[in-house]
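When the chains are written out, they are named A, B, C and D in that same order, and each has its own residue count from 1.
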Amino acid sequence: MLNLDFHPSGRHFLQIPGPSPVPDRILRAMSLPTIDHRGPEFGALGRELLDKVKQVFKTANPVIIYPASGTGAWEAALSNTLSPGDQVLMFETGHFATLWHKMALRLQLAPEFIGLPGYEGWRHGVQADMIEARLKEDRDHAIKAVCVVHNETSTGVTSDIAAVRRAIDAAGHPALLLVDTISGLASADYRHDEWGVDVTISGSQKGLMLPPGISFNAVSDKAIEASRHNLMPKSFWAWDEILEANQNGYWPYTPSTNLLYGLNEALDMLLEEGLDNVLARHQRWAAGVRTAVEAWGLEIQCQDPAVYSPVLTGVVMPEGIDADAVRKIIYERFDLSLGTGLGKAKGRMFRIGHLGDCNDLTLIATLGGCEAGMKLAGVPLKGSGLAAALDYFAHHPLNSAD
Amino acid sequence: MLNLDFHPSGRHFLQIPGPSPVPDRILRAMSLPTIDHRGPEFGALGRELLDKVKQVFKTANPVIIYPASGTGAWEAALSNTLSPGDQVLMFETGHFATLWHKMALRLQLAPEFIGLPGYEGWRHGVQADMIEARLKEDRDHAIKAVCVVHNETSTGVTSDIAAVRRAIDAAGHPALLLVDTISGLASADYRHDEWGVDVTISGSQKGLMLPPGISFNAVSDKAIEASRHNLMPKSFWAWDEILEANQNGYWPYTPSTNLLYGLNEALDMLLEEGLDNVLARHQRWAAGVRTAVEAWGLEIQCQDPAVYSPVLTGVVMPEGIDADAVRKIIYERFDLSLGTGLGKAKGRMFRIGHLGDCNDLTLIATLGGCEAGMKLAGVPLKGSGLAAALDYFAHHPLNSAD
Amino acid sequence: MLNLDFHPSGRHFLQIPGPSPVPDRILRAMSLPTIDHRGPEFGALGRELLDKVKQVFKTANPVIIYPASGTGAWEAALSNTLSPGDQVLMFETGHFATLWHKMALRLQLAPEFIGLPGYEGWRHGVQADMIEARLKEDRDHAIKAVCVVHNETSTGVTSDIAAVRRAIDAAGHPALLLVDTISGLASADYRHDEWGVDVTISGSQKGLMLPPGISFNAVSDKAIEASRHNLMPKSFWAWDEILEANQNGYWPYTPSTNLLYGLNEALDMLLEEGLDNVLARHQRWAAGVRTAVEAWGLEIQCQDPAVYSPVLTGVVMPEGIDADAVRKIIYERFDLSLGTGLGKAKGRMFRIGHLGDCNDLTLIATLGGCEAGMKLAGVPLKGSGLAAALDYFAHHPLNSAD
Amino acid sequence: MLNLDFHPSGRHFLQIPGPSPVPDRILRAMSLPTIDHRGPEFGALGRELLDKVKQVFKTANPVIIYPASGTGAWEAALSNTLSPGDQVLMFETGHFATLWHKMALRLQLAPEFIGLPGYEGWRHGVQADMIEARLKEDRDHAIKAVCVVHNETSTGVTSDIAAVRRAIDAAGHPALLLVDTISGLASADYRHDEWGVDVTISGSQKGLMLPPGISFNAVSDKAIEASRHNLMPKSFWAWDEILEANQNGYWPYTPSTNLLYGLNEALDMLLEEGLDNVLARHQRWAAGVRTAVEAWGLEIQCQDPAVYSPVLTGVVMPEGIDADAVRKIIYERFDLSLGTGLGKAKGRMFRIGHLGDCNDLTLIATLGGCEAGMKLAGVPLKGSGLAAALDYFAHHPLNSAD
């Protein structure tokens, strides 16, 4: 029989940018007994959940919860609003934007994929001016939707969604705005209503601190209207029946009961702490980690400080060093998981997740593992990132005015 | 804050035909720490899981595991094998067959829904001769698939899938055979390969004793071949990338890690006990429960003893009694959840689940709650079903030659 | 490696009169992380616990919590108040009274053990008049303490402690009153202050619904005064240092942190439900179970209806039947644990626990297992106790005026 | 209601020298359902446990397990072997030796407390030559036992027990040798049989990685013989009845069932890893932590390198710095609990626990919190202990030949 308790002593440090470590408080909630998903208590749970979750998306509109992982919520956003053959404008921020583009192709849409060129293109956020220019060219409004990734998990770049909204408006274009914030929600600032997003896509296993398995579509009225007429075959993902059943706190088919228990607990934790405090916490961690990278004399994957991610930091390896070989040493010697480089970034960098259920010392441990592992792997370091980050955390207390 | 511990004293009796109670052993497995789904341990888990799960479907072919609930696996079966406009022959066994038919319509297929007429039609299994006759009429093989429900959860009828296979063969028809055994797997006898099924659909929250959230497609070579050419837009559900990634024990997108821990434990439990023993256990429970219904002088929903379900038993209320009012009394007075009548059976019957992590005394408690509740609700009973079932269990030990 | 998950399907029915089943809510609380027992959070927990626990003993005086099982709390009561050679008057209500008497002997006290004669003597409660008579004879007050068991777990007799207090007072005797309510607390009515008890002894694994491991001494001022001068060597059990450290919510040595988490949760559960409701719930269950025993035509171990226990019921087997053989059949066939006959009751009776985290259907299951098992064992039964109890529960709802 | 989930984000670092963090694997085992402690499964568990636990004490003799915390096991050792008035020779290694001495006084023994003078005396281990000298003076063998602490938790000194044995033998003295290894067992090398110890005392909440609540006496034949004749009143702690009941895997009174589940799991974990590997792991951690203390330019509490503890390291603060004020800053700013200075060491030092379920990065986090907190508190540091320890761990892999 397989031993699922892999690590001989102490806790594994899971510092990938999601799935993030699940707090025990949430694991305990998830172990509550499964109940009848058609019974009265379940309806009460559903109504409360559906109400609280809106606060995290900053929306007054409905949020749809799928018993499916985040990739499914991408498909849901596309299949509820678009028809086969529809033109879609997508921006290449990194690997996940690329996967979403590939999905659009498989769903028989006609996506146009724009972006800055090459690997260097992945080191910046969405260029709103490029979107505006492209939409202005589209005089007959053949483009039905603009799709962008808010927090690009493969690079550590958090694009400016408000700017994308302004670009669409400046172009006077009616395209829907679909935004993936799977790894951004509840860690990076996000405002569905204020930013005029039509469909926001998110998942459970990042800032919400749950295991993977449920995902979200926050929807605008305009998106709902589009879903009434679009021609993509849809059933499991269809919003209409879910929205109807949700009015009483139920779902048209069996929901992921135990993950919903966990979601309820996660929402309580986030709202008790205060969403602003949660976001400040992530910004501070990110600043501390970047201080370390700078002290090491290494490059941060994101080249535009305005769009540094508060969720993760990509650390670029010097020429000639295989980032995955470094990760392997760190993993084997220090029981620490880091994110691999994906797609165009493969082998060039690794990613440090600093999200969810962490604290300063978790990150000190993480940076310690990185520093020692990089030295063992022969990565030339200018100075001690560990010392720099420790100093940063010491002199920037969470609730200070700094 | 919502109190999720609803019941003041003792355990709730969850005797609906799924979600079924989750054994503590599985809950404990699900609380293992989330790990990197791209790391080496996860690959080892994936390979072991994908191998063990085949034994439960009785197939040598791949079984695809979705991070989505059972309804999604219905959609996966249709969208991987069929194209918009395709004719599909579906058999109306009850509410879930009806929902699947509705899904086919929403997916722009052309389903033909045959069955015995009216509510009475729901009290029998799939009529293989009707399928054979219909397929023989279809000389040009416009029908691309036959869709049937193995264990119809809404009625307690377990249809004869081997007979459907024989009917298709007798008609010399090339249609694919798609079978839903969401509530049958691991409780009722099921044989994917031997019965020549092309796609078997199942879910986690019934005989596998997991919470809802993951689901399955077991696939034949013929089904895989169909998936290479069909025209339905598909991405999340697409088998190709999953099958490819599964070869190393991974998934193309984030899997439901913690539910997979639970699945691994569930498979260990089932295989340790022995699948034949598991099935015998369910048959015996079902026989005991039917003994009770007969002693009460009530009708069993299923009118054909050859297809009585080992998973659940529908109990028909006499004319003039609202089954949901009876259920409500039983729920409020005895902390016991029973399944409601669905669709055409609404208000006419309730359903007793006898699956998964039960034992004789769980069912004695359940039948006691039913008997007392029915009396309180004014249901005329001929005798004590509780006494009859207790006698049955006492005189039919699990491992006897009886 | 030993498999600690013994039972193949469904939950074991643990219906012994303690340890009682631990609610999941308490198990979850016990899995909270161990913290520094000298840190500030632990002090806050300690102060809250020590305050809430008084309500369950109905005392305004301190309650001492030992990181030791109930037998230890017996020793604590004796060793804090008495000196080697001291005379003690103990009443033989059953096996646990006998064990306590044996402990007094081992602690070099001079216990006098009075009671009604023989096995039949175990079928009645404490005879307060016998105590009064004996104390009146003790003109020079050589007897230093009267020791009685409130709820005798071996027989199902709940003695009248107020009557014992009156007897002591009527005799004008200064002896301390020490009472064991290990299995009575939080299930049977108990009033430390009102009944003038000097030391109340209790444990965690019965009405408090915790695993075994912590125990209690509720103490009167008179008992504390005695502890200042008594000569028994004492250190671990000594009240003085514990009372002092408790003032700030701490303990002089390492307390059972995780069981204290569980205790805190248990107290919340009991106080949320309301102690009166908890007691009424147990009285009703006991009445239902006795209805079953009467319908079977069997004798209840306790022969005085005034002192029937609300916690457990002893069921006497007819002459010639070995109660342990019956228990074995019930255990093996129905996965149900019942209490064995102890001491003078060995082989003559078994004990049904009806305490803590139960509900009506748990007891219906239990009585079903008993009825079927007794029949299989050849016990002649007059009628169906199961049917009688079900009828009782149906017609005596918990919150009715009945 | 009290919130027992104290910490807002991430895991608290509990680096006190016990209670140590409980691995999730053990918490899961402890949540197994409570069973009948007189039933057949419990006997099987008991027999296996009692057998496996001997391996950790390195004894072929019985090990007694108490449902009581470690302080109780001290009392058990004294009360089973000695009589009121007996002379006992105890060695003052630190605070816990002092507490044990105080217990001996309360138990009406006549302990003689020898040691090196003053606070400086606490910075060395047991001086075997002083014991030998004292025993040689005791020509008529009035001293009945020699009591020493193996791993003094208050100072981080692990005394040489084999040397004490040799001293007793060299004196030709028949005194029993009683040794407290509450915080040493399963972290520091310990050999009950080889070192000729008569009673070894231990507890659950240190190297065994359990919550507090159970404790141990490993006993020699000579100790058992003494227990047959000694005059101390004893009942709960008495070995005789426990040893008898243990033969079948049971206990004479209710054991701490759920902690025993945890113990079983802990033993499996330790024996799977191999006790030698466990000990090497602790030695390596201790060496890394001492490297940090040296780099800081601070003193280690233990002044004799031969008896440095592998379990904890005491860090002495410079004159004029209140160690508890430093600890408070570290606790509040870095969510890290360190051990306080106890007794003569109060305010002078803090203690870093490095035992049980740790790994390198846990200790890097701990040392990071210490370093930053000391700086914030104004402690002058010579260099970076964090950097030194990280370097040590990097260049001394666990399984190297170094």
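Please note the rule applied: contacts are C-beta pairs under 8 Å (C-beta built on N, C-alpha and C of every residue); 3 or more make two chains touch, one makes a residue touch a chain.
Since we're looking at a predicted model, the values are computed, not measured.
In this assembly, D is the chain whose CA centroid lies farthest from the centroid of subunit B. In this structure, the chain pairs C-D and A-D differ in their number of contacting C-beta pairs, and the larger number is found at C-D.
Residue numbering shows that subunit A and subunit B use the same positions for more than half of their mutual interface.
Note: Cα superposition of subunit B onto subunit C, rotation of 180 degrees, nearest 5.
Subunit A and subunit D, compared by their mean Cα positions, are separated by 46 Å.
Subunit D has its Cα centroid 34 Å from the Cα centroid of subunit C. For subunit B, the set of residues touching two or more other chains reads 5, 11, 28, 31-33.
If you check the complex, the residues on subunit C that touch subunit B are 5, 7-11, 13, 25, 273, 281, 333-336, 357-362, 364-366, 368-369, 371-372, 375-376, 384, 386-387, 390-391, 393-394, 397.
Residue ranges on subunit C touching subunit D, taken from their complex, read 1-2, 4-6, 11-12, 14, 16, 19-22, 27-39, 41, 44-45, 48, 66-72, 74-75, 79, 84, 99, 102-103, 106-108, 203, 205, 211-214, 232-236, 238, 253-259, 261, 264, 268, 331, 337, 340. Of all the residues in subunit C, the ones that touch subunit A in their complex are 24, 28, 31-33.
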